[in-house]
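Here's a structure for you.
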Amino acid sequence: MFDSLKRHSQKAGEAPGTATYSGNAKSFAPSLLRIDYSPDALEETSEAFPFSSLGERRMDNRFLLLTGLHEGEQVLAVGEWFGMHPLAMEDVLNTGHRPSFEEYDDHIVLTFRQVQYDPDVVRLKETHAALFCSERDVVGFLEEPSGLWEGVITRLRKGKTRIRRLGSLYLTIALLDAMVDGYFSALSSISADVEALEAALEDNPAEERSLKRIYELKRTVVALRNSLLPAQQALGALHRSEVVEMSSDVEPYFADVKGHADQVVEAAQAVLELLSSMLDLQISLAGMRMNNVMRFLTIIATIFIPLTFIAGIYGMNFTHMPELHWRYGYAAVLGLMVLVGAGMVRYFRNNRWL
Amino acid sequence: MFDSLKRHSQKAGEAPGTATYSGNAKSFAPSLLRIDYSPDALEETSEAFPFSSLGERRMDNRFLLLTGLHEGEQVLAVGEWFGMHPLAMEDVLNTGHRPSFEEYDDHIVLTFRQVQYDPDVVRLKETHAALFCSERDVVGFLEEPSGLWEGVITRLRKGKTRIRRLGSLYLTIALLDAMVDGYFSALSSISADVEALEAALEDNPAEERSLKRIYELKRTVVALRNSLLPAQQALGALHRSEVVEMSSDVEPYFADVKGHADQVVEAAQAVLELLSSMLDLQISLAGMRMNNVMRFLTIIATIFIPLTFIAGIYGMNFTHMPELHWRYGYAAVLGLMVLVGAGMVRYFRNNRWL
Amino acid sequence: MFDSLKRHSQKAGEAPGTATYSGNAKSFAPSLLRIDYSPDALEETSEAFPFSSLGERRMDNRFLLLTGLHEGEQVLAVGEWFGMHPLAMEDVLNTGHRPSFEEYDDHIVLTFRQVQYDPDVVRLKETHAALFCSERDVVGFLEEPSGLWEGVITRLRKGKTRIRRLGSLYLTIALLDAMVDGYFSALSSISADVEALEAALEDNPAEERSLKRIYELKRTVVALRNSLLPAQQALGALHRSEVVEMSSDVEPYFADVKGHADQVVEAAQAVLELLSSMLDLQISLAGMRMNNVMRFLTIIATIFIPLTFIAGIYGMNFTHMPELHWRYGYAAVLGLMVLVGAGMVRYFRNNRWL
Amino acid sequence: MFDSLKRHSQKAGEAPGTATYSGNAKSFAPSLLRIDYSPDALEETSEAFPFSSLGERRMDNRFLLLTGLHEGEQVLAVGEWFGMHPLAMEDVLNTGHRPSFEEYDDHIVLTFRQVQYDPDVVRLKETHAALFCSERDVVGFLEEPSGLWEGVITRLRKGKTRIRRLGSLYLTIALLDAMVDGYFSALSSISADVEALEAALEDNPAEERSLKRIYELKRTVVALRNSLLPAQQALGALHRSEVVEMSSDVEPYFADVKGHADQVVEAAQAVLELLSSMLDLQISLAGMRMNNVMRFLTIIATIFIPLTFIAGIYGMNFTHMPELHWRYGYAAVLGLMVLVGAGMVRYFRNNRWL
Amino acid sequence: MFDSLKRHSQKAGEAPGTATYSGNAKSFAPSLLRIDYSPDALEETSEAFPFSSLGERRMDNRFLLLTGLHEGEQVLAVGEWFGMHPLAMEDVLNTGHRPSFEEYDDHIVLTFRQVQYDPDVVRLKETHAALFCSERDVVGFLEEPSGLWEGVITRLRKGKTRIRRLGSLYLTIALLDAMVDGYFSALSSISADVEALEAALEDNPAEERSLKRIYELKRTVVALRNSLLPAQQALGALHRSEVVEMSSDVEPYFADVKGHADQVVEAAQAVLELLSSMLDLQISLAGMRMNNVMRFLTIIATIFIPLTFIAGIYGMNFTHMPELHWRYGYAAVLGLMVLVGAGMVRYFRNNRWL
């Protein structure tokens, strides 16, 4: 979150539509995967930066995957080749951009974030991603190399599948589905951590470390939800779009993706509620246990303080203290002490304090 | 909740519409109940896995109940026989699927969860269920054997009732009503537990165990509500559907089911508010009682500490301590102690600390 | 709330539209009041259970008031006479039914709850009520005898008033107004209790009893609001209804009733906020007072503990303790004690701890 | 709030449209100010209760201001003269009425509350006010004498201003603007008190008195917001009204008033959030300071308790205690005490407890 | 916030549309920058107060920037020259005015606030700004000199850019974008402070100072969000406006600005949630650490109090205390003390209290 604010504010003062890369410098060379396909055939080429010219589309459809956005010029070249709007190119390059859906005359552009959960530091790693979709072309942009779209590409390579037949909008939906699946996996891992923590808390009373962990998990789930919410909005905007006409072949699959996104948001909300309850319970239990310990200790002190006072009295050095010289004075005092102590213990017991 | 996340994320990376069973392995054989019926006649057959061929519809309407979804192939065979959409079959088999309503060209599919409250572990057991409804056929899918639809089937068997006359949409509504009734029963049992707990708390101050129980009850009600909410949405979608035209015969019954679902959600919300208030009250009361105990103990200590100090003074061994040799020195000091003690008790009384 | 859940879940498994009484057994005999009226004339008959036949309407309009729903057969007979829909009759008899508005071909049915506040146990007593309204007939159903509609009936008996002229919809509105007025009175009594409690808390610090009372009041207001909310929705649905055409004569009166219901809900919300603030304040004040007491006590102990230590030193029995034999050793030690004590008091004062 | 509930519930059971005064008895005589005006001329008469007949309108427009509603008959006479609807007259006389907007065939009636902040008791004084507006007449009703509309009347008296030209709707808007300005002033005074309190809290730690003050301020702002919210709704209803056609001359001024009302509500919300944060902070700080004090005191006690124990050992009267007779036994024990004390101080320092 | 309330309430009682400056007196002279431009040419003049006559537009478009609003007459003169509505001029001069969008016959006026974050006092400085836009003219009003629109003016000066071509609406959008960028920068600085604070809290336990800082940061973010929210609404109103027809050239840029505003509001919300969590965690951790310290100290006291009691017994001066004369009495008592002490330590260890 902070990261995206920082990236964005670097751009303050620029004209809108000024497309410059806003992320961190990267150490890998951008790569470009190109797949031309029709229901019956598929041709795949792949090259590293700098890319040679794009050339014409060779079959019915084309899918490009550009990994690495830090060579802005190259990204712009790709964008211009497909006739992307300047603002769209800005959105693609602005790695702090909020997930969004924008429609232009003959193409749409979706930006979103790819998430990965790192259980060791309890953080969500977010990278920027974008999708360009026109009638016959789809271009995917990834800030960093990742296996996000592996599965989709594998399905594309298999012959005569739905993905080869149903055109670029279906491909876009499949790519978006993979994005939502990423959120699913992340939330699922987080939930596993939450469950493990809950089990661990059963055995061990609340400690500083547990509180911090609950806090970190909450923070991560909030980040996940906040990252998905605008993506959910973008999917809704795509659905209501009048530019994009979804065929009845494709629509159910899109509804499916939207349903998945809704489910992740709901589940994230539920995990959050659970974590909040857990935190409240742990704090209450910690307070209650602490109180029990303190009460026990205070009771012990309270029993011995009057006894010590009695001992103090007969430790005084007055010349005229008749009890001191009684034959059974000492025994009597000891008996008195036992009586007082037993009386107090009984009183505390009766009041259920002990 | 976690369970459904886990089931779902197992499927990540698959093509949408890939229908595979996502639940746990089961030890029972799936069974298929088939009822052909018209207002005047009814024919019932029942068989265990593997099922023989389905054959033609023999009367006006047909109801199939498939219990056990873990033989995916068999489920797909049933689905294909009725011309279910691939995505619909995926929804039926995906036991982690969110309650949903989907409409296709000539049929609708509803998925939802059947809930059962287990008071011993204070957990909600959720199993997956689905309903397929076309003009003349209704197919119910249950993940596990259950009495959920016993009542409806019994009504179906009775001759010349509304359920025999009003067609497959009315039957679907009756089956949905049974599902909502399940939520009613679960919430009602939970409420009974809440009331019992409330009564128990009257007698016994808040303890760790009670806090945990409130927390578990809250968690269960949250799960129940979260499980019903999307079902409520699905009912709303069915109501607004343009594919399904409800006759004015059927519509009031559907409005009735929706009203029941609303009532459960509202009641769940109210139980949640009650549990939150109860928790807050218990924590406050526990704190207050603890404070009272501590105050009492501290006051006792505070009274004796100055007295012990006085005894300590006259326990010093100075050669020249004139008081030690006075005739009534001892009595005077004892008197002083009584005065100091009584003064302090009085002061504490005046300040209402005691 | 729990009550209505229980009543409802008794009905689980029944066919929708199965009208059976779901409340507790009652010890009084149902009674039926019948008023036939036109602007100029009024005829009133009243009979106890079992009722004789209803007979024809004798004037322009007719109002029936049936008190006691536990003789289900009789209620059904009345309902059938007026051509009520089976589901409507179920709603009337289901005393756990959520406040609702249902429209059928030629009549509407409203169910709601009549509330009474019992200040002794700080509980809201809710009973079931329903209204049937067709073009010329109004039937009121009350679960228990009550003065709810006394005022309206009195107005009806007076000659040539608006209520005699404006037909059955206006009468229904007047009856609903009385229902909302019941909420007004209940909330007003609760508010008086809240004010009394607030005044009492001014004088007395927070005690367990006060916390419990605030909690009970909150609970009661929540119940009142939760009971009115669906009634408010039902009024809204009646307003938007296309079946019921309100004449411009009647509409302002209906808007008035809706405005009253809104005002009760808003006021309930405000009372709730006030109670929450009050609770928070009381808990904070209790904590603060407790802290002050504990600080005072601890300071006393802290002052005397070092002094007792000094006395302890000179109470040791070493052979060689020169100070013990000094002429003014005792006085010097007493002086030292005074100095140490005064220094500590001063230090605490400076730090504003005392 | 409680006040308006009480006033309202006095009316329970009456027929809607029964116009009776519901406020407290007043000691002043109602007065009636009448202003006939046209862009070029103005005639003003003023009389005390009882009022003589109203007579005809003498110029283009007429404004009446009736102060004091406790002579219900007189108010009704005025209302009837202008053809007010019975329900409208009820709203005017019902001083507990919720701010509302009602439209009738040829006139509209707005009721609202005039607020004044009394900083001494930290309470909001609310009085009832109403506005009747027909094509050429405006009648203002005030429960008590107040300067609320002084400014508007002064502007009216000045010649040839917009207010003389733009007719009765513009006048109504100006009067409503004065009402909203009253909320502005009240909130502004409250905010000044909040700021003063915040500055005072900088210097002084949280005390019981401050907590109570924050609570009272919160309560007052909540009352102000709750009082304005329905007025805001009423303004919205007036805006959407199809009866009232606003000319493009008048509309911007109305939008301005609505904007002001929005601003007050937002500012009230912001003040509330601020007060809540302030309260939380004060409670946390108080707890933290208390903890620091207690920790310091407990550490002192903890240091001296073991030392006192050592002194206690050598205060025992055993015959055979060799150390007592050592030459440097006393010095050694004193040294031991210093060592133990210093060691403990060091340990506490290292743990940052001191 | 308080500031704008104060400014506004100074104006209470004035007629709407009375345009008077409501801010503080300023020490600088207002200045006027004028830029006439067309795609190919640009002419720039600049003068200080008092301004000479405005003269005719010299090219296609004109942009005026008026810095300093405290010479109300001058501002009015400018406003009148462009035919601004009286209410619009009031909004421009009312420096406490809520961000708003108003449309008049041939021009629109937007008011908003320019924010700057001052990290030293953790406050948001807000100044008033307004934009007038007609078909060919744009006038910007700034309460104080600032670099807010530097970047836009620089882009304007550069030849043949989009900003020179796309007319006055595009210029307005660019100026609004700079305003939103200001919020971005402010929030970004605040976030940096939040991150720094979070890192600092890792090392140091919660202290009074940290709590206050979190509170101040929260307060600042709330102010920022509250200041942007109505601006966001104003942008929405501009978007839905029927007076302003956005060409498809300009619309994507406007959507971009709105998206940015949404992103700031979301990010502010996320920062707020983070700060709240942080505060809760710090308070919990502080309580937990405090509890640990207190428990440790109390345990030490609890161990020594019984030992001191034993020493007290043998410090009594009874004549007949046989143990005192035993050969190994002293050693036995010391041994007993060690045993008791060790037993208690062991008991505390077993209970995990130590």
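A, B, C, D and E label the chains in the order they appear, each numbered from 1.
In the analysis below, a contact is a pair of C-beta atoms (placed from the backbone, for glycine too) under 8 Å apart; a residue touches a chain by one contact, two chains touch by 3 or more.
Fair warning: this is a prediction, and the values are worked out from it, not measured in the lab.
Listed by label, the chains touching chain A and chain C alike are B.
Note: centroid distance chain B to chain C, computed from Cα atoms, is 26 Å. In terms of their C-alpha centroids, the spacing between chain A and chain D amounts to 41 Å.
Contact with two or more other chains is made by residues 287, 294, 298, 301, 305, 308, 312, 315-317, 321 of chain B. If touching chains are joined by edges, the resulting network of the protein chains shown is one closed cycle, each chain touching exactly two neighbours. Round the ring, from chain A by way of chain B, the chains line up as A, B, C, D, E.
The touching residues of chain D, counted against chain C in their complex, run 1-2, 4-6, 8-9, 12-17, 85, 87, 98, 100, 102, 104-105, 205-208, 211-212, 215, 218-219, 222-223, 226, 229-230, 279, 283, 286-287, 290, 293-294, 297-298, 300-301, 304-305, 307-308, 311-312, 314-317, 321, 323-330, 333-334, 337. Considering their complex, residues 150-151, 155, 161-163, 173-174, 177-178, 181-182, 184-185, 187-188, 191-192, 194-195, 248, 252-253, 255-257, 259-260, 262-263, 266-267, 270-271, 273-274, 277, 280-281, 284-285, 287-289, 291, 294-295, 298-299, 301-302, 305-306, 308-309, 312-313, 315-321, 351-353 of chain D touch chain E.
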